[in-house]
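The same chain A turns up in both complexes below, where it pairs with chain B and then with chain C.
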Partner chain A sequence: MRPAAFEYLRPTARNEAIRDVQGSDAAFFYAGGTELLLALKMRVLRADRLIDLKRIPDLDSIHLSEQGDLIVGARATHRQIETSALIQEALPALSQLCSQVANIRVRSVGTIGGNLCFAEPHADPATLLAALGARLHLVGPEGERVVAADEFVLGEFETVRGEHEMLTHIVIPPQAGPSSYRRFRHGERPSVGVGMSWRLAKGGKVIESVRIRFGALGPRPQSVEAVERCLAGVEIDNASDELAVVLPDALDALEVISDRHGGDDYKRHIALTLLKRCVADCREAAVVRRS
Partner chain B sequence: MQFTMSMDLSAAPEEMWRVLTDVKRISECIPGCENVQEIERLAVYTATVKQKIGPFKLEVPADIRIDDADEPARVRMHAAGSDKFTGTRLSVVMDVTLVPEEKGTRLTVDAQFEVNGRLVTLGMPMIKRRAEQNFQEFESRLQALLEKA
Partner chain C sequence: MTVQSLAIGFTLNGRDVAAEVPANRLLIDLLRDHFKLKGTKRSCDMEVCGACTVLLNGEPVSSCTTLAADADQGAVVTIEGLCDPNGLSRIQQAFVEHGGAQCGFCTPGFIVAVTDLFNRNPSPSDDEIRHHLRGNLCRCTGYVKIFEAVKSLVPSAREGAMKSAATSQPSLMPITGKVS
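Up next, the complex of A and B:
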């Protein structure tokens, strides 16, 4: 099917894009288009105007800020993030995540910002970014605002982004420990993803605190406080044993939606397995980090 | 999808009946229901139902027919319509029953709800949950309306 006719604009500055998006009832920002164009062609979505963001400079920049924050432009493609030497070094979990998104054609043009804004409930980046304590920068007619990754996704296909707001970049604070993201690979079902980030105490032997987010189980990424609590203050070598004390009961707190790919008990079981693998990944990375 | 609710109300069935057949007020209890027109009293109506999930929008012009009305005890109605753009078809069959009780009336609503079309490819569990939310919202608005009456 072909999409219905729409107007196509190519602004060269952010403020032009914000102006353009306000001039119509059904205007969408367009970057990679891997989800947007598909939805338009399927005619489940109607647009009367697309605002192509590809001519706006600096929206795909990946760099470190002076404070040591990792800045990822919203228009950075999955492939750019996968192959960025900076991200491979500073946050290998993010680079690995992006290397597993869909297929090479999608990774080459699909952007992290588009992925976050579309908020497809099985997408991975929102879950890891929430575990990393990332902040999302939005700019709109009222100016700029910053939203915690944890608060960005409201539910399936719904975010706090206003229709006239553009996601410009993601700020990931410096991590004081290893992180990991585990998921069923693309094409494996059901979709479940677990993101984990450790903050290590000085010396690198003890976990000071942990952030864990479970994705694709409910309408938005979720945390389980009991699991995070049980790992805080634990020596890295004892993390798996401490986890075993609260599992699997702690995962009962998760909201899990059954679908044709799996029932809630099966999805919980997968989440449990991935969680254990995340702990093993982080432990291994912490050992390497120390030596 | 099947939804059921029931509530005990202090007014008599005859009084409840007057409120329930005030189609304009009842339609205001349905989330997204707009522009209700009476074609024939207690027989045929039209309305527009609007729904939005993220960027996906539905606008369904619906025909509503009362199939059976047994005053003041029972109404059976059905409503159906399609969103022109996405080809999404909605249909609902609803039974409303009023049973007199010692102190007032017991109201029961049974609804059978169906969604078909391309939008369903976004995920049936999501659509089901939205329908559940709407039905809960309908229940609380209806309760507020009936208690006021």
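Up next, the complex of A and C:
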């Protein structure tokens, strides 16, 4: 398979790229191409212009801001995130997530921004980033705006990003507790993914609040209020028992699409198992954190 | 639409090369059809099987889903660049010794992927070997022989196998051969 012809531009600055993307009817930003080129080859997408972002400096920077936020450039590859000492230390769940995406070739060039903007529901990063309360920074002809990770994905292959807007970086606020991401994979992509983040009360023995997002089940990451509520105010050692009180019924609230990854009852069962494992991960990390 | 032609230049297996390519030309087609390097194989054509793996700027990529334009000003290493044309790299030699190839179609991709593995991690654990290679598919060997071939190159396994030769550590340097 070969993609149809397109024009190929290589801007060296963000404002040039924003200008270039406005000059055509079907222009796409292009970085790793692991999703976009596949779609162009299969002719399910048509592009008359690709704007290669790889010559724009600083789009793949990974660093801490003065406020302690973790900044991840949209063009950071999965491999860069996996191997970043900063992320391994500050947010091991994200490093671990990226180490398991697809395969080594996709991780080498595929970017976290491309993954988010393509919005294939069977993907990992959007789920954990929503659980972490991340914010996505977009730049377009009208200037910059910030969107909560929870609000970014609208549905299958659909986000709030305007066609002339570029995702520049992701801001992950400092976490007041451990986080975990677990997935069950069918082939290259997750069938089910569960992201979890705990906010611990002072002393580190009690869970103040929890954010959980279930990914890949429906068109976008979902939360289940009953599950988050049941863990709030609970001692970390009692979390698994408290969870058992509301499960499995609480997961009936999830929208689950049956597809080649499995039927809805099967996926719900996997979600339940992964949820329990995330709780166990967070508990273990909370204990280590305290000692 | 008129086809845009790009002048690109890069290092191919250690040698400077140049080409005029349409923007939509894929790297695999440039390598196989223009440079006549047929070792890189097209198989699944969707980044899943690894048969088309090459190193682009030191990173393993699926050349079936990489633009030729992405090689511009960079460095590409294909299976042909991993050793002397008439020789075998130590990884290829290990595949021969351990029966890591049967029909051989996936083998160039495996060899390139294993080269990348050792470039980054001279002593991978069993899990690290499996994890690194899970994106390369082989329909003949059942993977056990391939795993054993790779495992034989890990220094500790090698030391065990060659107790008497304490000085003969395998070269841990990246292999950067060239086509002459």
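Basically, the second predicted complex is superposed on the first by the 286 of 291 C-alpha atoms of A that agree within 3 Å, B and C clash if a C-alpha of one lies under 4 Å from a C-alpha of the other, contacts with A are read in each partner's own complex, and residues count from 1 in each chain.
The definition used in the following text is that a residue touches a chain if its C-beta (ideal position, glycine included) is under 8 Å from a C-beta of that chain, and two chains touch if they have at least 3 such contacts.
Nothing here was measured: the structure is a model prediction, and the numbers come from that model.
Contact with neither chain B nor chain C is seen for A:G133 once the two complexes are overlaid on the shared chain.
Shared-chain residue A:A119: touches chain B; no touch with chain C.
When the shared chain is aligned, chain B comes close enough to touch A:R43, but chain C does not. Judged by the number of chain A residues each one touches, C leads among chain B and chain C.
Touch criterion met: A:A5 reaches chain C, while chain B stays clear of it. When both complexes are overlaid on chain A, the residue A:E188 reaches chain C alone and has no touch with chain B.
In the superposition on chain A, A:P92 makes contact with neither chain B nor chain C. Shared-chain residue A:T34: touches chain C; no touch with chain B.
By the touch criterion defined above, A:A102 reaches chain C but does not reach chain B.
4 are the residues of chain A that lie in the contact sets of both chain B and chain C, per the superposition on chain A.
Note for the complex: chain C touches chain A at residues 1-4, 6, 22-24, 26, 29, 45-48, 50, 53, 56, 59-62, 65-67, 69-70, 113, 116, 131-132, 134-136. Residues 53-57, 85-87, 118-119, 121-126, 129 of chain B are the ones that touch chain A when the two sit in their complex. Those residues of chain A lying in contact with chain C across their complex are 1-8, 33-34, 37-38, 40-41, 48, 50, 52, 54, 79, 99, 102-106, 108-109, 187-188. Chain A contributes residues 4, 28, 39, 42-46, 118-119, 121, 156-159, 219, 257-259 to its touches with chain B in the complex.
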